[in-house]
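Heads up, the next two complexes both have chain A, just with different partners, chain B and then chain C.
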Partner chain A sequence: MATDTDGETVTSEVAQFSTDTSSREEVLLWVDDHLKWLMTIPAVLILFSLTFYPLLRALQFSTQSYLPTGTVFVGIENYVQLLSDGAFINSLVVTAKFVGIAVTLEFILGFAMALVLNKKIKVRGLWQTLILIPMILSPTVIGLIWRLMYAPNGLLDYIAAPLTGGANVGWISETSVALYSVILTDIWQWTPLVVLVLFAGLQSVPDDISEAAIMDGASRRQRFMDITLPYLKSLIVLILIIRLVDALRVFAKVFILTRGGPSDATNVISMEMYRTAFRFNNFGEASAMAVSLLVLVLILAMSFVNIANVEFGS
Partner chain B sequence: MVTVEYDSVKKAYGETIAIEDIDLEVDDGEFTILLGPSGCGKTTTLRCLAGLTEPTSGTITLDGHDVTNVHPKNRNIAMVFQNFALYPHMTVRENIGYPLKVADVDKEERENRIEQVAETLEIPELLDRDIANLSGGQQQRVALGRAIIRRPAVFLMDEPLANLDAKLKISMRSRIKVLQREMDITTLYVTHDQEEAMSLGDKLVVMDQGNIQQIGSPDEVYHQPVNRFVAGFIGSPSMNFIEVTHSEGQIQAVDAPAAFDVTLDDAVTKRYSGTDEMTLGVRPQYFTIHTDETANAVEAEVEVTEPQGDEQIVEVAAGDVSLTIVAPSTIDTTRGDTVWLTLEDELVHGFDPDTGDRIGDPEEMVATTRASSSAGSKS
Partner chain C sequence: MTTKQDTPVETMPYTEPSGLEKLHERLTETGLTKAGVYGALAVFLVWTLFPVYWLVTATLKTRETLLSFPPQWIPVDAQFANFARLFAERPEFVTFITNSVIVTVVTTVIATTIGAMAAYAFVTFDYPYNLDFHLPFYILSTRFMPPIVTIIPLFVIFRGFGLVNTLRGLILVYTMFNIPFAVWMMKGFFEEVPESLIESAMIDGHTHLGAFFKIVLPLVKPGLIASAIFTTIITWNELLFAVILAQSSQAITVPVGLASFVTKFSVQWINMSVAATIALVPVLLFAFMARQQLVRGFSMGAVGK
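And now, the complex of A and B:
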């Protein structure tokens, strides 16, 4: 009985206590408890409005046709249209070339430079800093700088003069050259990222493992193939995916350098998307392209991870 | 037949000297231990032979051939690293077989040798396991396997047991010793563990501050340390050092002349004739504790006792002098008791208080040591 009475007393005290608490304190307590969630709200809102919402809208747009009289639901017609759209097919080919050449060269060059940096070279810190500069510039600035260099009688024409006999190459105005010029700019901008990531990876290969391989009699090439490469496997996959996805979406550089020209020679998918949407006001088809690109990127990235795993057999 | 010779080998990193002047000869098939505290240069000495570190000056020869500038992979030396340094992305089989793979040994031969090595090390069931799934002891065996599969000319081991637990350490220790004897390969082994060194080596090379302090058999470095450093480093618990004055066989501790005042026997007295002051070195095992008053003994008070099973470590204070003593566990003393300590005269050491060098003729020491140990074994 005594316990019951005590229990009641306690309960009533608690009740008393909570009624005494002002509503302001209650709010503060609640905020304190939920602070971690509250703190994420701005980020979630921004992420949602900038990523998920446009994505959902794009999906919606891609099923609509835009007529002067209003929008009409057309199902998958925009997607079907894409298959017979010569400009789109061309943009796929251009993008594939761009991505294939740029990413391959960035990877090879970047790996080579990372290996050089990993040696005990003089003033390594200075080289590291210099190498990073292209990466920290905005694509627009890079586009503008390179457009100046590519201009007729510009810096690159001057440098190439001994080979060309003084004639202008037409870096970004010649159909057969323009895409490679854009690729060159991309390589200049993004090789540093590859260097950075792979250099960090090389630094993480434990000294004693390399030394064990030396003692086991492995040549430089064998050590690279048997020790270094497997060690860097996951980083290599990572950097290739990052570059692949990013290169597939290239826009600013192309927009500033060539606007997709001359005669669609550099018309990458996102450029074609932009034109379809904002020049031809065909938001439906442009959105269908955007969604297709998204699916393509996802498939590529996922299959890449799978292939890499199978190949390295971990 | 592979002998190793270091001739005035020095390695400096800028101002920092890792090893100052190493002269060392290792005979064919000999198991040599480089022993010393951290930073004494023992690993650098080993790495110079491996070729992983280039000496600043001096030459290293293998069987009379100067290999100082020969690439490590052309020296036919195998090495076991402290952290095992196994290739994490390879299986046990691939790890052990790697030296043969890079040497282009054909697959069948390779498989045979891998199986043989695995049998020797009793790990055939592990061959297809991943390295990540092995225990420390198993990894250690794989590392050994990778080193022996090539049948190298010289075997280097850099603290190979340091990462194992105490029990495993002892079983691996005997395995390494058996392996080395069976393969009869010249071996250099680095450790900071003097017990490990004593139990494994044919020859101990005691190092400190980039220099060799003493080269000798485990017996020699234990019983005839050339200086105070070696005397203090070898043996557990460490040797007691007491600053004493000496006159005609009578020695008195400087810090406790009343309590520590003993007469040495004649043979030992002769060893120290002409020395007025010295540092007396007595191993904890060479004091005998008496609980009753004893003649020619050091009177001391027990500070603490640490039972160790069969024996106990007793810390005592004789005046201002602290001493560590190893006594049989049958002696019943406790903190605060007064005890009397007698010295085994012939087993004490004298060192110069300034230079730390040993005083007394080593030759004579050997004789007395041998005599006393054989006498001991007969009794």
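And now, the complex of A and C:
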């Protein structure tokens, strides 16, 4: 359409002053009159039909039971069922461990690295490009990379040999180890994001405030607590929410590394939902899980924002 | 920063530095902290990059040298035939790549266009009920929803419309996925464009739509490129929706194909490494071309997933 109007510019100028406007001209004028709706409707329509409408359908599905003969309305029975479903409760615990450990370590390691780098390293550098690499890789590829590293007699077994006496660790096949191996891949992928975001934040702390504080005799620790931290507050909250919400939806890494095993040790909530819906065809209970997960995410995100406001004071 | 610290000390009121600070200053003087910082950075970079190196070099090894004990750090006797063998043993992988390219290109074009149009409208026009303020927030909020929440109803809806196992279905889902990011990215860029520019273009005889495409879009090219690159990477990488909405080979994309190399009991190590490397190279190239925008995009917290 851009090129159409382009070629027509000269003629349209003439046409506007001539009495008989062509139908093409009328269409263009009509488009311009309604531009504000025409430009937003595609985006709004796609988002409503592919996120809000399915959300309502998920609510509806979660109140139904799927029988070979059709669907039956069962009210809150699916939700009651969830409470006594050992696999679902287990997946909640596994997810909580995964999210808790991964996000905490990513934040601590990333913040420490950003603080160290903020000292002496030039603002922009090759290192920033290089640490982007894990972030942009497909979680599928990351799963495969680590599957290779975790292979029996593979690289990590070799590195760990002095500690294990040569026996294979069973990184993703040993029930007590597997979850931590999956967590490690997440830390590997997302610590660089924390570094990048907090480093950018640290760089934007104005030098003059910090210099004035030095003149007033503020110690390194005081300067960190009273200048740097308040300055970074909103960025810290933002990065934690992003990581929290994102870690809760982990799927591909688990799918590639362990498929939720061994004996459900890495069966995160999205994996459990996938199995319930598409292995056991229990759409009702899987939808109830989906709705519960959504509520959980909303509560977490909102309470997190509230806590952050109270603690740092907005 | 630490060197500046020494000068004002004599003239200003000054509290005695703690032992730790004295140690730090001593270290700075001798240049040890600088070495420490670069040392820490080196360790961090090796930790971040080595796993990728390990995958890429695996494509040149044999099955025996790949899992040899002790490991072969640098591939000797590079097996370039591994690449040919993947396509000989798994010819369908060509289809997977074609599917992924089609889905990624079409999604990127549609999502960026639709997102940019919406963003421009929200910035330019006034809507009733303050919609120009509220709608972008609704759009952004969809990003916080775990995608798996809607996947069951989407599967049922798509089955009804015959969109399961089609590239059209995947394109539709990925467009939905990427619009929020495009809208928010572009909004910032459009806000910088002066209104007078559009007015004068319209006085010159452009329609408003014509002015948008001919005058405004070229001005926000960096934003368009950035959202296109984020969309491309996200779409090329996506597994969850592809696994559920595309199960037959006419719509299987690269990530789903990759997953098929790994079963619970066995892994085709060499083929898997070659295929994963092929999936990884375009992303690396794209990222390298657009490294500035990516660093800025990620640092802004405008994280695309």
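By our rule, the second predicted complex is superposed on the first by the 281 of 314 C-alpha atoms of A that agree within 3 Å, B and C clash if a C-alpha of one lies under 4 Å from a C-alpha of the other, contacts with A are read in each partner's own complex, and residues count from 1 in each chain.
Just so we're on the same page, a residue touches a chain if its C-beta (ideal position, glycine included) is under 8 Å from a C-beta of that chain, and two chains touch if they have at least 3 such contacts.
What you are looking at is a predicted structure, and each value in this text was computed from that prediction instead of being measured.
Asker: For A:99, decide between first (touching chain B), second (touching chain C), both and neither.
Answerer: Neither chain B nor chain C is touched by A:99.
Asker: Between chain B and chain C, pick out the one touching the greater number of residues of chain A.
Answerer: The partner making contact with more of chain A's residues is C.
Asker: Just checking: does A:227 make contact with chain B only, chain C only, both, or neither of them? Give me first, second, both or neither.
Answerer: first
Asker: Counting only touches as set out at the top, which of chain B and chain C does A:217 meet: first, second, both, neither?
Answerer: both
Asker: Should A:119 be classified as contacting the first partner (chain B), the second (chain C), both, or neither?
Answerer: second
Asker: Using the superposition on chain A described above, determine whether A:206 touches chain B (first), chain C (second), both, or neither.
Answerer: First partner only, chain B.
Asker: Would you sort A:248 into first (chain B), second (chain C), both or neither based on which partner it touches?
Answerer: second
Asker: Between chain B (first) and chain C (second), which, if any, makes contact with A:288: first, second, both or neither?
Answerer: It touches nothing on chain B or chain C.
Asker: Where does A:236 make contact in the superposed view: on chain B (first), on chain C (second), on both, or on neither?
Answerer: It touches nothing on chain B or chain C.
Asker: Once the two structures are fitted together, what part of chain A is touched by chain B and by chain C alike?
Answerer: 211, 214-217, 219
Asker: Using the touch definition from the top, list the residues of chain B that touch chain A in their complex.
Answerer: 50-52, 72-73, 77-79, 81-83, 85-89, 98-99, 102-103, 146, 150
Asker: Would you tell me which residues of chain A are touching chain B in their complex?
Answerer: 206, 208-209, 211-219, 222, 226-227, 230-231, 233, 312, 314
Asker: What part of chain C is in contact with chain A in the complex they form?
Answerer: 1-2, 4-5, 8, 12-15, 17-18, 20-21, 24, 33-34, 36-38, 40-41, 44-45, 47-49, 51-52, 54-55, 58, 66-67, 69-71, 114-115, 117-118, 120-122, 124-125, 127, 135, 138-139, 142, 144-157, 172-173, 175-176, 179-180, 183, 205-210, 213-214, 233, 236-240, 243-244, 255, 258-259, 261-262, 264, 267, 269, 272-273, 276, 279-280, 283-284, 286-288, 291, 294-295, 298-301, 303, 305
Asker: What residues of chain A sit close enough to touch chain C in their complex?
Answerer: Result: residues 1-2, 5-6, 9, 12-13, 16, 28-29, 31-32, 35-36, 39-40, 42-44, 46-47, 50-55, 57-58, 61, 113, 116-117, 119-121, 124, 127-141, 143-149, 151, 153-155, 157-158, 188, 192-193, 195-197, 199-200, 207, 210-211, 214-217, 219-220, 235, 238-239, 242, 245-246, 248-249, 251-252, 255-256, 259, 261, 270, 273-274, 277-278, 283, 286-287, 290-291, 293-294, 297, 301 of chain A touch chain C.
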